[in-house]
């Protein structure tokens, strides 16, 4: 039995519910999804400032959470990923990181399609930091509705020659199957990718290193 | 029920058995491990030439294998990874790739400890290609026995300041727990990492892209 | 008249005073140094977790600060740098960033000498992000006293062949002149570098971009 | 007298003849061109799978070839380059590698124009591996006839601002002079570049290193 | 009192005067601007050849200049930057380098807009060398008049999504304020940036390293 | 008949003679070596300043030289390489560049052994610029005699695990064969490599691009 703690770093409960639903759809039979909402901080995370303001609420929520075996940070900016790894030796996975790593194993290059133009530099920063800049052709944003998301996906396929599409936010989970069928390329949702990675990491007994930058804080 | 095909790209059956054992130890209850041996090629893979000679046997073995949902290439050089992805839209994971990606989620930097000096450039090439050169402090080789492996691990921790150790071959699986306990840092085995990744990828329904460089060959 | 706001992102007033003294020693005649202390968060910043916990206090302190023309974040990890740039169009400079940029103009390569081993990965991450990995030979840590700092500096010169030394924390300002004289290479303190950069940026009328990732939050 | 062995890694003899003709056109008076065809494997090489399947035939052909002083691998994907270097200490040059290295000495940046979209990721992978990603603006593919090749070259000059064009396949040798004259930029053919490099390497007495990753297999 | 020596590496006195005017507009009250013209070499610097031909005149002019505390090389190609740092331990700043470093502190990414297509590769080379390739989306050239410059700036904002614009030459200083106001993003002039950096470097007592590549020539 | 112009960018005729001898030893029967000495500038090139001062003399010498088909710049710093390419459409090769490119085709990684510590940063800069930083383990300097050169080579093999050695200056040509035999790895001399590359480039009809950064100056 694996207990995965999914933390929504914003304070919007309805978002947490949506993420929890998505996670439960992909979780194994033996996995319990524990979804929690940050108790303080911004109602949604749009760029660097919101990321920063959400951190103590996010970290406190993890510290006060029920028993768990691994943690998913359910914000596509991977907010607080390094800090959360210092809370204990439990593995912590970000949904952006998870999606990029999965995408790099099923395609030569992918594009990210997100909604907010403001978030693009933060995502590019993460890709660069993870050493995955060469796999990602472009981070595209569409500040709008479903129609525009689809236009961006089409451009990613035709113009970027992306072989896969990473959806750059935590709220699009239920669109994956239909988008993938419609466009003929894999479409990845970070929540699903992170849940799958956490299950795997826990099953094979890996823990966050207790030495160096992620040593548990006292 | 997930069926993972593990291909040993060398022709040594006892190695296949050892890998299969390792894989079954970490696989989920609902996962079937199908381990096959390449029918032609070198008895062990030591560097670029052996890698090349093993490829048709490896690919043919996959093509003739029983039904499966994902493929693990059980050679730390990730031999034939790109080619195997062109066989179908089933996900294919290399054990080197899997170990690096897992290690990068539980440590800031790791070192690889392998046995053969001859293989070091091929591993460095892969790390560079995957964009993970910055996470790996050093690829170390010890052409010898268990004692030397342990000396290399110690040097990786003290000199490289590695926060995790990746075991750079497919035959060390059963040493992971004891080494990890002894040295106080996570020690990763590629077979375990790859099985875990495959289960996750299959569970969330991802497939190798059918567009671009991995489009299925006719 | 230029007013530079220096924010100490930890809550230790004596540290703020020390930093303010250092800043005033290098500030121009026409510059006012306004030094503030974060009102909540950790007493010192040691690695990723402390960085995260200090952010809201740091950002709030800036928002509630007296009138100013530019901001210096006085933590060598450049904590909250991106977020602080979203508070207004006032320029914001981190002391780590400032020291690296200055060092790269007076040397071909430098080493960083810091006290805490735990902080090394965060500094390496920043260097990589700023594109300055190639200028920095090594980030060295000495968890100890003045003697050890000096030993590390000596090793940086002899072993790394560093042409300059960046002191990797905010409390070593007064040592710069004597260390520089003693070791015969430039020794850089981030507070001094950041104050100098802020004065320059303000004087030539530059502001943080209001477009894209740093657009001011409402 | 220098004997250059040119191996066509596909099994199409007419292609070998074409390549041999091209090689003889550029070879020095004192150079003998020995062109051989792989005895087994795919009839043409289109992407990762064909590359893999061609390897043993390619390597066996080299091992059974007449006496020679250097080897050219006449596939633009540089198939089996590393493995062939393990066969002996004779220098081995790939036609892709040769063209990129030559292009980087006569232009600041170039584009590659190839025919098959499927091969683009493999070429990009090579460019990245050779550290030449920054010299190559773009790898373009035109799945079609001569007219389209020319359109792609035009776009490479106008849109990519490429200062030179590398023809990304082994069958376009005889077009070089006319294309170069027509478009006003150098147009490079890999076979010619590789023959020229081999002559030079042999003349100055260089051999593949016998130490490390290319040590001759027993 | 800080004396900044600004060297115009071309021999056109009217250009020197224009640069000196620009420098004096941004210099502090206590700063003296000493502007000198190279005594021999090309009348304007357009690419690699002119750069090379200007060097002895440039270096001699610095050596024969009146007393000064720091040097600005007023050519956007940063001609002779490394060599000038070997003349003494006085800090030397290039206007290209200065503009890039300043731009990277007020934006996530910027584009450079210059006039000459011929200079683009030299600027790209510098950006790459300084490790700032990832901050610069594109180096654009407009071989023409003010109207075209403005068109390029507009394209940089809309197509490159640049958050700031660096003006890639030394003669556009007086346009900065109006362009910045008109386009709503920071527009940077290298002369202003370099003067500001020099004042800062001198004020905090930094000198060019006397060890290694910049050791003063005898 | 190919005429290769070898320019010694320093003014020491005895050095030119030595280089010419070396070049003639490796040149083809049909190649004429025309060795010229720069008419003005430093007597030897030791670092950035000397590089700069040698440029006009170097470029003028090329312009006034007898008819030739290609140019070798015989300084390991590749002084004036870009500028010389703007003189005409004749190919120009630097001896450093040539040695690195050749070394990368016969080894996985090499080290450079040079005499002057002062030159190390300039060579590292070139390696980085050419995108070959990953192939070169280390640039080593020995400010002394033959014994020390040999010690450095030994360290490069044992400590750097270099598979080949590049001699980092223009005066060591005659040592190549004996060093190579003695240490059991390829030892490369830049003059030989550059002559061989020039012959090849000329034979296959390549010219420096007339478009972009290398367009011929009027």
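Going by the order they are written in, the chains are A, B, C, D, E and F; count residues from 1 in each one.
Note that in this section a contact is a pair of C-beta atoms (placed from the backbone, for glycine too) under 8 Å apart; a residue touches a chain by one contact, two chains touch by 3 or more.
Computed from a predicted model, the values in this text were never measured in an experiment.
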- Message: Which of A-C, C-F or B-C has the same interface as E-F, meaning more than half of the contact pairs match by residue number?
- Response: A-C
- Which chain's centre, taken as the mean of its Cα atoms, is farthest from the centre of chain B? E
- Item | Distance between chain centroids, defined by C-alpha means - chain B, chain E (Å) | 50
- Note on the structure: So, in whole Å, the Cα centroid of chain D is separated from that of chain E by 42
- Between chain B and chain D, what's the gap in Å when you average each chain's C-alpha atoms? 31
- Multi-chain contacts in chain D: which residues touch at least two other chains? 85, 108-109, 117, 120-121, 125, 128, 133-134, 161, 163, 212-214
- Complete list of chain pairs which touch one another: A-B, A-C, A-D, A-E, B-C, B-D, B-F, C-E, C-F, D-E, D-F, E-F
- Task: Report the residues of chain D in contact with chain F in the complex, numbered from low to high.
- Result: 26, 28-30, 85, 91-93, 97, 101-102, 104-109, 130-135, 157, 161, 163-164, 176-177, 184-186, 188, 192-193, 195-197, 199-201, 203-214
- Would you pull the chain B residues touching chain F in the complex into a rising list? 117, 120-121, 124-125, 128, 133
- Please name which positions on chain A make contact with chain D in the complex. 108-109, 134, 161, 163
- Please give the residue numbers of chain B that touch chain D in the complex, ascending. 47-53, 55-56, 59, 80, 82-83, 85-87, 117-122, 125, 128-129, 212-215, 217
